[in-house]
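Given below, in the form of structure tokens, are the structures.
Shared chain: subunit A. Partners: subunit B in the first complex, subunit C in the second.
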Partner chain A sequence: MKISFPYMGTVVIYKKLLELLGHEVIVPPRPSQKTIDLGVKHSPEFACFPFKVIMGSYIEACEMGADTIVTSGGHGPCRAGFYGEIHKRVLKNLGYDTEVIIIDSFNRNRKKVMENIMKLKGNNSWLKLSKAVKFTYDMIQEIDKFDKKIREIKPYEVKPGSVDRAWEKIQKEFDNAYSKRELKKAVKRSNEIINSLEISRIDERDRIRIGIVGEIYVVMESSINMEIEKVLGELGCEVERGHYLSEWVDFNLVPSFLKKSHEEEIIKKGEKYIEIIIGGHAKQTVGGIVDFKDRGFDGIIHLMPFACLPELVTQSIIPKISKEHDIPILSLSIDEQTGKANNLTRIEAFIDLIRNKKLNKYSA
Partner chain B sequence: MVKAYVGIDVGSVSTNIVALDENYEVLFNYYARTNGQPLDAIKAGLEKLKKELGNNINISGVGTTGSGRQLAGVMVGADVIKNEITAHAVATTHYVPDVRTIFEIGGQDSKIILIKDQMVIDFAMNTVCAAGTGSFLDHQAERLGVPIEKFGELALTSTNDVRIAGRCTVFAESDMIAKQQYGFSKADIIKGLCKALVRNYINNLGRGKKLEPPFVFQGGVAANVGIKAAFEEEVGHEVIVPKYHNVMGAIGVALLAKEEVEKKKGRTNFRGFNSLQTDFVPSSFICTGCSNNCEVIKVEMNGTPIAMWGDRCGMWKEKVKRAI
Partner chain C sequence: MKIGVPKALLNFYYGPFWETFFEELGMEVVLSEDTNKEIIDAGVRESVPEICVPIKIFIGHVLNLLEKDVDYVFIPRMVSINEGEIFCPKFMGLPDMIRHGLEGLEDKVLTCHIKSESDDISDYSNYLSIGNTLGISKEKIKKAAKVAGEHWKKFRNYNKNGYTALESYNLVYGKGKLKGRNNRKKGIKIGLLGYVYNVYDSFVNMDILNKLKELNVEFITFDMIDEDELRNNIDDMDKVLFWTFSNKLLGAGYKFFRDMEVDGVIHITAFGCGPDSFLGKLLEIESDETQIPFMTLRIDEHTGENHLQTRIEAFVDMLKRKKLKAI
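== the complex of A and B ==
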């Protein structure tokens, strides 16, 4: 089996798990203009942006010889739940005989998940499978710690671009780790890389921290969200996302009796605003805003794919949350448009607003 | 010689330049079409400034804003490069210190800015659709054969209420044609259009926001008394149009430049009027470093690159930054 997967965030992880199970893995290229063009061309016009980018990624993977694609299912009534099926059909119409394995939340459909796991397990022993899973699980936790760290120090880098280059190096370190010992070494090396960076810290009170919430794909995949974390970093803001792979795994794949996930907490915080599951990450978005505020963040950027229904619902609740919790929130729609000047203007003005608000608080 | 602070607002439709003196009086104000040639527009504006006031003023600070702010900033050597939302808010709070709501309608976009205690507390900006902007009015004025300058006055003469769809330019246009066939007068239709534009603007940008007086209306479209009247009707309150309503962005960034230079103890980065003779060559190339194939924009001054942008990875941007 030549396996591929959708490109989202730190892809080292999916690659690692599949490799440890002895599969030949095809990593699709990081989404580029070509990916988007391919995806837009072969997707239904009304589909949301993540669908189109992922479609493009799949086509690129198939061109590279992938015969199987593993992906996750959607949440609840959002149309994303159906996307795996449609992707499969489009690929078939294009003449690719690709199997698409859709893994839904373990906490929702155990039987189907088990069936799919059996497919991936192949001839591996259960022991080997559980070892591989445990190893990648540990790895995601470590990588995400560094991911957060990087975004925390980016605004204070002395040499422009040095932190971004460090992050590339760190991902490579993890990519080369295949055993527990190597993982430990990767962590150690990554710490060294971080410590060797030249950083000029500022006064604690001047720090500006921004939380990014919204639909998971546009939040996690920097190549399609204008590299928003980097943009904010260059404007002097520390950034933390509302989605990390490790948290997604805890919430969706780890049986709930084993571990209580961070995401459950988040959802509880937003329960007041959206009671029922309306699909996508609407509940996580509203909960995430409250959580960031509770943790002392200064502002929220809400990313949504253009015309994403769950996030449109969230967007209409946002003014209320913003008022009740006294936190500025900026919603941005992401679509295939390449010019980022407009959004940049909004982001800059938003940061000015936050900075003024902060300064005023201290002088008052 | 008086100290002067210059603000340059390079928008998609117009390029505005102002010069303020130490006491914030407007010494010079220039409003011209950009015509897709921002560099030429800035040069022409600065030439005029030099001709009119060049011997009497000493330029002590320069700021740029608008969608062309990066390019303009590099060209003149700006002390501050600011987004237009902040710039507008700064200028308005200067003239109307207790302002709470700013309506700004420009050629290609429109903004709403909410202010409390002279600080921006919320804003929204519309660029997805042209229905609520100056371009839409321009286009319709042309269709009806009414000069845009006369548009507003004509609207005020109407006594009829004609409802025109404001959600979308295409629908508005077919509505307008239908109403024309029914025999409504030009004045009635134009009034209907003004109201449609305001309705669209409020629905689009004011959604979920509490709009409180004092209201200030600025931007190129603020010259249109028909729209001003429609705004007053919609919000049920007087709407103030400041004297320099069409160059507020430039004024705001001139004020910011003054602040910035004073912070730096009086040194400006302004390249001087002589820089107008300098050869600025913007060019672009497709970077083939990865499959993104970004269109990278490069500005060269006398043959050396002084700014680059447009690359998603930031490789070129950093290269120039490090070289300077």
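== the complex of A and C ==
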């Protein structure tokens, strides 16, 4: 079985899990203009942007010889839960003989979920499966710690680009780890890499910290969000995202009696503005803004795909949150038409505004 | 007390229920005006640019009601009317969006969660929160919901007998005339797919229903078909859509295509409608397989009327010619 998956964020993780189960893994290329063009061509015009990018990714993976694609399902009301069903039909129409395995929520269709898990499990024992899952779980936690660390020190790098290169190296370290011992070694090596970086420290007052919230795909996948974290880093801002794979796993896959996830608290903070779960990450977005403010962040960037259903509800409410919590928020919607220059200008202006606001606060 | 009910979104489906309900509670019901240029403009001004037209129109209607000095504006939170399915996020977050997005509405939004197992939303427990806000006893709510439910069923019966929702609305208030049944024309018949707020809002869709009538085209919409029948048509899918009304349209669409009882299908969709982007794809695939012509009409706040007229005429001409050839 030549298996592939949607490209989002740190793909090392999905690759690792499938490899540990003995599958041949085809990692789709990082989304490029070609991916987007392919996706746009074969998607419904008004489908959301992540749908189109993933569509393009799938086609590229199929061209590379993938015969199976694994992805997650969902139960709505956000469209993302139905992606797989439409992707499957489009691929079939294009003549690809690819099986799309959609892992749905366990409560919805127990039999089908088990069937799909059995397919992925193959001839491996349950023990091996659970070990593989545990190993990847530990790995996500570690990688995300470094991911956060990198964004924290990026604005203060002495040699331009050195932190980005360090991050590449760290990802490679993890990519080469296949056992518990190797994972430990990777963590140690990564720490060394970070420690060897030349960093200039600045006054606490001059730190600018930006939180990125919004729809998970455009927040996590740097290739389609103009590498916003890097851009902000170069503008001298520390960045933290509202979504990390490890947190997604904790919230969606780990039963709550085992571990209380941070996301639950965040959702509580958003209750005032959006009463019930309306799909996607609308509630997390609203709660995330309040949470970032509580933790002393200076500004928020809200990312959403063009015409994203849940995030449009959030976007309507954002002016009020911004006012009530006194925090600047910039809302950007992203799609295949996004002109990079236009958005960069807006981001730069936004950061200038935050810097001035801060300056006034201390000089007053 | 004056309760404002916006004549937009699902009011074209549940209006007779909500109006009767508030009247039974002894409230004065104030309806917004029919959608017009001012309403749309006001809605566009107050909403985020990317959101779909129906929501912009709804916001326009809410503003229209504010001008009429109502005490409350009724904005229900539609959660689910079928087990395992829900509404589009914008419906589920509608009261939040209005309350926090518009000035001066903080204490004027009258809302309730609507959860039900079928289209019949007359279970009184849905409306208890309204009783709390307005200080009305449970018994009264219970009674009003029952009366309203029966009224709504009458409306739906007309609707299911082949009258449009607008005709049914008039009939149930004793205004319209029953038409002579079975005056079957030899013309063509079209399956007209679209949510009630797109099909029946004659301003935003440039009065497409009358345009079709003028062209001597018979049409059938999803609300004229029995709920169970709609459901039967999508029963064989592995996974149905998440949104109840989208599933109804899909069921109707599959029925049109598979039963071969219509000559063509028109899908009216609003610019920026998320669920429709997937629904449309499913219908397209079905059209390819059954060879029944399919056209998507996308409407928005600045649709030009001529272009719509031309497209409809061309589509109808094409169907007529196709039918002639077949005979």
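Keep this in mind: the second predicted complex is superposed on the first by the 349 of 364 C-alpha atoms of A that agree within 3 Å, B and C clash if a C-alpha of one lies under 4 Å from a C-alpha of the other, contacts with A are read in each partner's own complex, and residues count from 1 in each chain.
In this text, contacts are C-beta pairs under 8 Å (C-beta built on N, C-alpha and C of every residue); 3 or more make two chains touch, one makes a residue touch a chain.
If you're wondering where the values come from, they're calculated on a predicted model, not measured in any experiment.
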On the A-aligned overlay, A:K259 touches which partner chain: subunit B = first, subunit C = second, or both, or neither?
neither
Does subunit B (first) or subunit C (second) touch A:A307, or do both, or does neither?
second
Looking at the overlay, what does A:I86 touch: subunit B (first), subunit C (second), both, or neither?
second
First (subunit B), second (subunit C), both or neither touched by A:D104
second
Considering only touches as defined above, state whether A:A349 meets subunit B (first), subunit C (second), both or neither.
first
A:S316 contacts which: subunit B (first), subunit C (second), both, neither?
both
First (subunit B), second (subunit C), both or neither: which does A:K134 touch?
neither
Chosen between subunit B and subunit C, the partner touching more subunit A residues is C
So, does A:A282 touch the first partner subunit B, the second partner subunit C, both, or neither?
second
Would you mind listing the overlap between the subunit B footprint and the subunit C footprint on subunit A?
316, 319
Show me the residue ranges of subunit A that touch subunit B in the complex, using the header's touch definition.
29-30, 32-35, 160-161, 164, 223, 227, 230, 316, 318-319, 328, 341-342, 344-346, 348-350, 352-353, 356-357, 360
The answer for subunit B against subunit A in the complex is residues 67, 82-86, 109, 117, 119-123, 125, 127, 208-209, 290-293, 312, 314, 318, 321-322
Using the touch definition from the top, list the residues of subunit A that touch subunit C in their complex.
44-48, 73, 75-79, 81-82, 85-86, 89-90, 93, 102, 104, 108-109, 112, 273-276, 278-280, 282, 306-310, 312-313, 315-317, 319-321, 333
Contact residues on subunit C for subunit A in the complex?
47-48, 50-52, 77, 79, 84-90, 92-93, 95-97, 100-101, 113, 238-239, 241-243, 272-278, 280-282, 285
